[in-house]
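Each chain carries a letter (A, B, C and D) given by its place in the written order, and its residues are counted from 1.
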Amino acid sequence: METLLVDGEAVRARFPILGRTVHGRPLVYLDTAATAQRPEAVIEAEAAYSREHNANVHRGIHTLAEEATGAYEGCRRRVAAFLGAPGPRGVVMTRNATAAINLVARGLEHTLGAGDEIVLTVMEHHANLVPWIQLARRTGAVLRHAGFDPETGELDLDGMIRLIGPRTRLVGLVHVSNVLGTINPVAEVAEAAHRAGALVLVDAAQSVGHMPVAYPELGADFLVFSAHKCYGPMGLGFLVSTPETLERLEPVEGGGEMIERVELDAATWAEIPYRFEAGTPNVAAAAAFPAALDLLEAIGLPAVREHEIALNARAVETLERLGGLRIVGPRDPAARGGLVAFDDPLVHPHDMATIVDTRGVAVRAGHHCAQPLHRVLGLVATTRASWGVYTTGDEIEALAGAIAFARRTMGA
Amino acid sequence: METLLVDGEAVRARFPILGRTVHGRPLVYLDTAATAQRPEAVIEAEAAYSREHNANVHRGIHTLAEEATGAYEGCRRRVAAFLGAPGPRGVVMTRNATAAINLVARGLEHTLGAGDEIVLTVMEHHANLVPWIQLARRTGAVLRHAGFDPETGELDLDGMIRLIGPRTRLVGLVHVSNVLGTINPVAEVAEAAHRAGALVLVDAAQSVGHMPVAYPELGADFLVFSAHKCYGPMGLGFLVSTPETLERLEPVEGGGEMIERVELDAATWAEIPYRFEAGTPNVAAAAAFPAALDLLEAIGLPAVREHEIALNARAVETLERLGGLRIVGPRDPAARGGLVAFDDPLVHPHDMATIVDTRGVAVRAGHHCAQPLHRVLGLVATTRASWGVYTTGDEIEALAGAIAFARRTMGA
Amino acid sequence: MSTIPLDELYREVILDHHRHPRGRKPLAHPDVEAAGLNPSCGDEVTLQLELDGDRIADVAVLGRGCAVSTASGSMLAELIRGRTLDEARAIAERFREVMHGEAAPEEVDLGDLEALTGVRKFPVRIKCALLPWVTLLDDALARAGEADRD
Amino acid sequence: MSTIPLDELYREVILDHHRHPRGRKPLAHPDVEAAGLNPSCGDEVTLQLELDGDRIADVAVLGRGCAVSTASGSMLAELIRGRTLDEARAIAERFREVMHGEAAPEEVDLGDLEALTGVRKFPVRIKCALLPWVTLLDDALARAGEADRD
């Protein structure tokens, strides 16, 4: 396999958008945690699918349908292999990570009753909070949330383990926090959950594609992520599990492809995983996503991770040099995913994002879909910079310069 | 606006896949009802989005996020305008038409109780049957189905209207049947439903993009369709309604973008339509879909429809010339959508599809996600040929030749 | 793929079984009845077995299907009539392995069934060829085991 | 868009209001309290009104927001203090129309608020500028109407 070094032009050159300017300046894209940019190989694979092979899947016998089905199922196999997951039959393709979590929450509804418990953390993204709030409302299940240290961003692991008890049915937690950057001890939580007979859902939206992630080592029963945060197309997410575990979920959406036999008043379901994929899937996205995984493997996931750690170190150092900023999450660059969120008491995140944008720097401002987490921090919003394989040290410098400019603009 | 004539090379030239060969012969794509092929303008718009503007929407302040949001919301406006719908706030973007129907079924669940009635037809696609079967199981609601004449494919309109009563909460029906081709008298059914105080859902998956469809004239409270059947990208569907009607639906999926305020145990919802769009949407697809609508309007929807009627006429005539085939659905070419399904007692649909494929002809074989409909016809499967703006009369001849070849191959 | 060997799919022996399928007459007193479904097309098959101890005294294969599944069902009727349940199971398992590419056709004597191995070049049709056999394995033989024990 | 007029967004008068916001002191005995939220960023604002009949005797604008919403809230405090409820509503409605592009700034006298019209060049920030005013219109004035009637 081709070998690529990160932080070399060879990688950047593969992402066409990085050549564009914003307000007359080169784009400095520091918003990968919201969505990653896509390499030309992915864009081209998606276009090639439409130009050469496009058809609906499964139900078709003709050549295009066979090719489309091959591409679609190929993605399932590729994702299972990429994560070392048991196999393609445990991989469900959804619209995004959010839909995958909702699928599990709705799918488990028939197994839950009043007083059953769901254990989460306070640092979850809304995607791993709201579906459970809705589920609790419908079933009378009780939500419990483990906290974290607002200084270090560290999960209260002992507290979380104590929350897990005989009535716990599901334990959900984020692998890498999209605000703190904290990497959670998923395997330890999973072990405690399994001892209690609970299922474990890991939100790996910020880890897959950014560090080596091995499904069997996490101990997750359900792992979810989105292709678009992993250099792949939008409109494609994954629920990774095993066929036996998926068997416990009631199919949520009804329609074509997911049935075996349909009567007017009754239906039986297709095999796993098809019973969770109602209607025409996003075949074009599935055909293209493997090209993103190819690129990541050509670089090597350990190298990708090292690169992001180096950027973390550079960012923490550079932001500290500016003075007066409160960086949230772990100080150790190796203890966080590839992102740094901070509060500048002199410049509100909204103003920060607007002003650094005029320098070509794209950062995200707000609650990053994590309102409860921000409340623990005593903040309403933060500014977040996040990176990927294409981010350079110079871009971190550009961010620092732009922050200084923002402070001057605000007369701070 | 540019004017294009259908059945001229100008239209075909816009669809790159039509240049390919299958088994050494030019592709004859007669499976548009399963998924339409995409014009280069759509493919290019999707790629251009990824090469130039890609970002996550709504939550972002930076330039790319603003551009992405503009493209995404632009699609909503364009779809509302294309259908003459009240406005963008009544347009929800989903994964596909199936997801849109499920959204309505789940969203209405809180309003339904045992004994409430849902009236459908026997000719529905599984997408408009299974979600209601699932809903009925959960709520005790009762399903009633209007029939159709197996000879003419005509809906039993009087029967359907008689099924609608004071306990009817929702009436769902397909605008154009994907097997019979029947165009249903939606407005008349809607009027009866509204008199009874019921909501009306119209499955327009086979009509939008193939004939003029005016939302206000149909009388639908909910209209659903998929971009991919309308020359647009996969992974994008629509629920078209009004903000007031959408207000009656409980949000189904929870997550980012769809909330206003999130506490650990409670959440309030974002404005309509955002509360129905949890997580990162398929912005790339939304950015590209308007290019498909542009092409359709450049041709003109009445011209598109005339072209498909002409192909219907040609197909019915050609298939009748072969002899011994049972064509299902209306005989009048103007009374059907752009498709013809048939049964050849001499060649099973599976064998038919395999054999004509070796001649480059792509048709669909099977139950087309409409098992109950086929039971009424007394068939397990049919062979279906379907068309779009790029289909030519010569391709219908190629189909006839391939059917004759299939009969010879089977020694029939 | 530029040209495709249609005659490998529709070999003469297959067309012959398709035109004159064996075992199409419903049994008067079946000991076992099992139904199988190909959900992607809706084709259904019903198998009936008449048992004599652990031996399959008679068999019927009912339902309308495509040429491939009809021929496969016809061959099934021919091949398992008079065999013990274990022998029938062995044939079915071997055929499934061959069709899934887990065994080479040379390794096993499949009789007429050998003609169906050409279907492997048409991946979407493999399910058609396997439909009667999967119904035999997953359903009919399990029931037959119980019936035999009764 | 190649260059962007940052100084149209952060005009001196805005920065001044941002640095020295008016009406930041919580009222001791508010007759009306109303909270508004910008869901896309989480910014919150709380308005307090003290009424004297249908006149706004005093006003406080609380909560931490960005420069744009802080300045807008500060201007609100200045502009509506001493006005009748109807006058305050008229100003708020006119400002909303201007920010949504439904009226030209020249048509209406907005005082310091005029400085905020530069925000229209930054579509995602319009919500920031409107947050205190929408809270006034949709929530505080409605409550004030009731309080007045009581």
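Basically, a residue touches a chain if its C-beta (ideal position, glycine included) is under 8 Å from a C-beta of that chain, and two chains touch if they have at least 3 such contacts.
For clarity, every value in this text was computed on a predicted model and none was experimentally measured.
> Using only Cα atoms to place each chain's centre, name the chain farthest from chain B.
Measuring from the centre of chain B, the most distant chain centre belongs to D.
> Averaging only over C-alpha atoms, locate the centres of chain A and chain C and give their separation in whole Å.
46
> What whole-Å value do you get for the distance between chain A and chain D if each is reduced to the mean of its CA atoms?
Roughly 37 Å separates the two chain centres.
> Which residue numbers or ranges of chain B touch two or more of the other chains?
23, 59-61, 63, 65, 259, 261, 350, 354, 357, 365-366, 371
> Residues of chain C touching 2+ other chains?
Counting only residues that touch two or more other chains, chain C contributes 1, 40-41, 125.
> Mapping chain-to-chain touches, which pattern fits: line, ring, star, complete or other?
other
> Which chains touch, pair by pair?
A-B, A-C, A-D, B-C, B-D
> Touching chain B in the complex: which residues of chain C?
Residues of chain C touching chain B: 1-4, 6, 9-10, 15, 18-19, 40-44, 64-70, 122, 125, 128.
> Which part of chain A faces chain B closely enough to touch in the complex?
Of all residues in chain A, those touching chain B are 16-17, 20, 22-23, 27, 29, 31, 34-35, 37-38, 40, 42-44, 46-47, 50-56, 59-65, 95-99, 101-102, 105, 122, 125-127, 129-134, 136, 143, 145, 226, 228, 233-237, 251-259, 261-267, 278-285, 350, 353-354, 356-357, 361-366, 368-369, 371-372.
> Name, in rising order, each residue of chain A that touches chain D in their complex.
21, 23-24, 348-351, 354-355, 357-358, 365-367, 371, 374, 380-381, 409-411
> Quick check on the complex: what are the chain B residues that touch chain D?
58-61, 63, 65-66, 69, 259-261, 270
> Using the touch rule from the top, collect the residues of chain D that touch chain B in their complex.
Result: residues 1, 37, 39-41, 123-125 of chain D touch chain B.
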